[in-house]
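Below is the structure I would like to discuss, written out as structure tokens.
Chain naming follows the written order as A, B, C and D, and within any one chain the residues start at number 1.
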Amino acid sequence: MSYKILVNGPITRKIMSSILASLAKNTDAGGHSVFIGQVRADIRGAKRVRAIEYSAYEKMAETEAGKIKESILAEFNDVKSVEILHSVGIVMVGETSLFVLVSAGHRHHAIDACSRVVEMIKATLPVWKKEIFEDNSAMWKENSLD
Amino acid sequence: MSYKILVNGPITRKIMSSILASLAKNTDAGGHSVFIGQVRADIRGAKRVRAIEYSAYEKMAETEAGKIKESILAEFNDVKSVEILHSVGIVMVGETSLFVLVSAGHRHHAIDACSRVVEMIKATLPVWKKEIFEDNSAMWKENSLD
Amino acid sequence: MEIQVFFFGVLAEATKTAFKHYRGVTSFEELKMRIGDDFPEISHYNYRIAVNNELVYEDPVLKEGDEVAYMPPFAGG
Amino acid sequence: MEIQVFFFGVLAEATKTAFKHYRGVTSFEELKMRIGDDFPEISHYNYRIAVNNELVYEDPVLKEGDEVAYMPPFAGG
């Protein structure tokens, strides 16, 4: 499968910048909605998060990402393209672990579809995360509904 | 006023990339929602758009952008920062004319606030646009509700 | 008093004027009439008026040096 | 038949096993019992099962070489 969503380590500024560089090719797109998820320095009790370690069922994650993409393109006929990148491995506080970009003819479709993609990622991608604290202890974390 | 939203010409990849580079400083942000508006090669009858020329009431645009920012920060207490950039002058098809970035602790707040900022920009920024066609004729255009 | 008047967007094109000083202005109402006489073409357009960067919804009291802006519907983004 | 079983996330940590071959499997039900005997600790966790990258909601018919994955609640993003 050539479609590859998983990135080892953080999604760097270089990666994001090269994706932004490709936007101008879509001359029928009027709006791009981007979601960037990054690791937050959350406090759990007396501990502060310093990184998240992501793991994934890689084959299934690629399959599920492909399904998300197809379902969005089927539902929003104004959407021109959907890009999804998700980290596996260690991502430090402040670094990016998720990058979603939806291009559409009109802004509402881009924004609504991007928001939907983010929800579908949380619900259907077989990815797991372990918060690593400044004292190097760790805790598995499930997604909340926030 | 140091807060400056208007950019002469297109919002370049370099500008966007340097904004993305600053995201990691917000270690209490978990999500960034970005909207990128670009000039679409629309067809009007037999003509195809090749650029948009934007003009603005510059002082008022800066004031109104400041009001948008304040109102979003007041309404969403999870929002950490709001960045708005808007072009004035000529922006070619495929180039970016609007860049909005909202950083928040949690993704829903980032996404909802960013969408709101884009709507407020359309409604309250004193900016005008003239579509320039491939034959160099031009037409003033109002925002539609799409 | 002296008032600065700005036209934006299609209005600047229609009036061929981005900016005009009006001297001896006595009131907002009187200013609007003078502008209407000088630029009758603006009656063909929708517009809103701002005074000193703020939209006005009823005729304001002007003071020396105020900026009045004639603005077509916004089209940012 | 031979089946490959994968454990992910906290289950891989709890079982100290990311991957285990099961030979001579006769059915999905029988496989689940053998896994439960080998790794009783998984009963303390919530999980879902996928076969060949697809979530299963009732016991499927397995075939030679199938991949069975034990997956805790997803936590991407």
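Heads up, the rule we're going with is that a contact is a pair of C-beta atoms (placed from the backbone, for glycine too) under 8 Å apart; a residue touches a chain by one contact, two chains touch by 3 or more.
It should be emphasised that the depicted structure is a prediction, and the values quoted were computed from it without experimental measurement.
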item: Shortest chain-hopping distance from chain A out to chain C; value: 2
item: Those chains which touch chain D and also touch chain B; value: A
item: Distance between the centres, which are taken as Cα means, of chain B and chain A, whole angstrom; value: 23
item: Centre-of-Cα separation between chain D and chain C, whole angstrom; value: 73
item: Interchain centroid distance [CA atoms averaged], chain B/chain C, Å; value: 26
item: Chain B: positions in contact with at least two other chains; value: 37, 107, 118
item: Residue list for chain D, restricted to those that touch at least two other chains; value: 77
item: Pairs of chains found to touch, sorted by chain label; value: A-B, A-D, B-C
item: Of all residues in chain D, those that touch chain A in their complex; value: 6, 8-10, 12-13, 50, 53, 69, 71-77
item: Chain B - residues contacting chain A, complex; value: 13, 16-17, 20-21, 23-41, 93-96, 105-108, 110-111, 114-115, 118, 146
item: Complex contacts: residues of chain A adjacent to chain D; value: 37, 54-57, 59-61, 63, 86, 97-98, 118, 121-130, 140-143
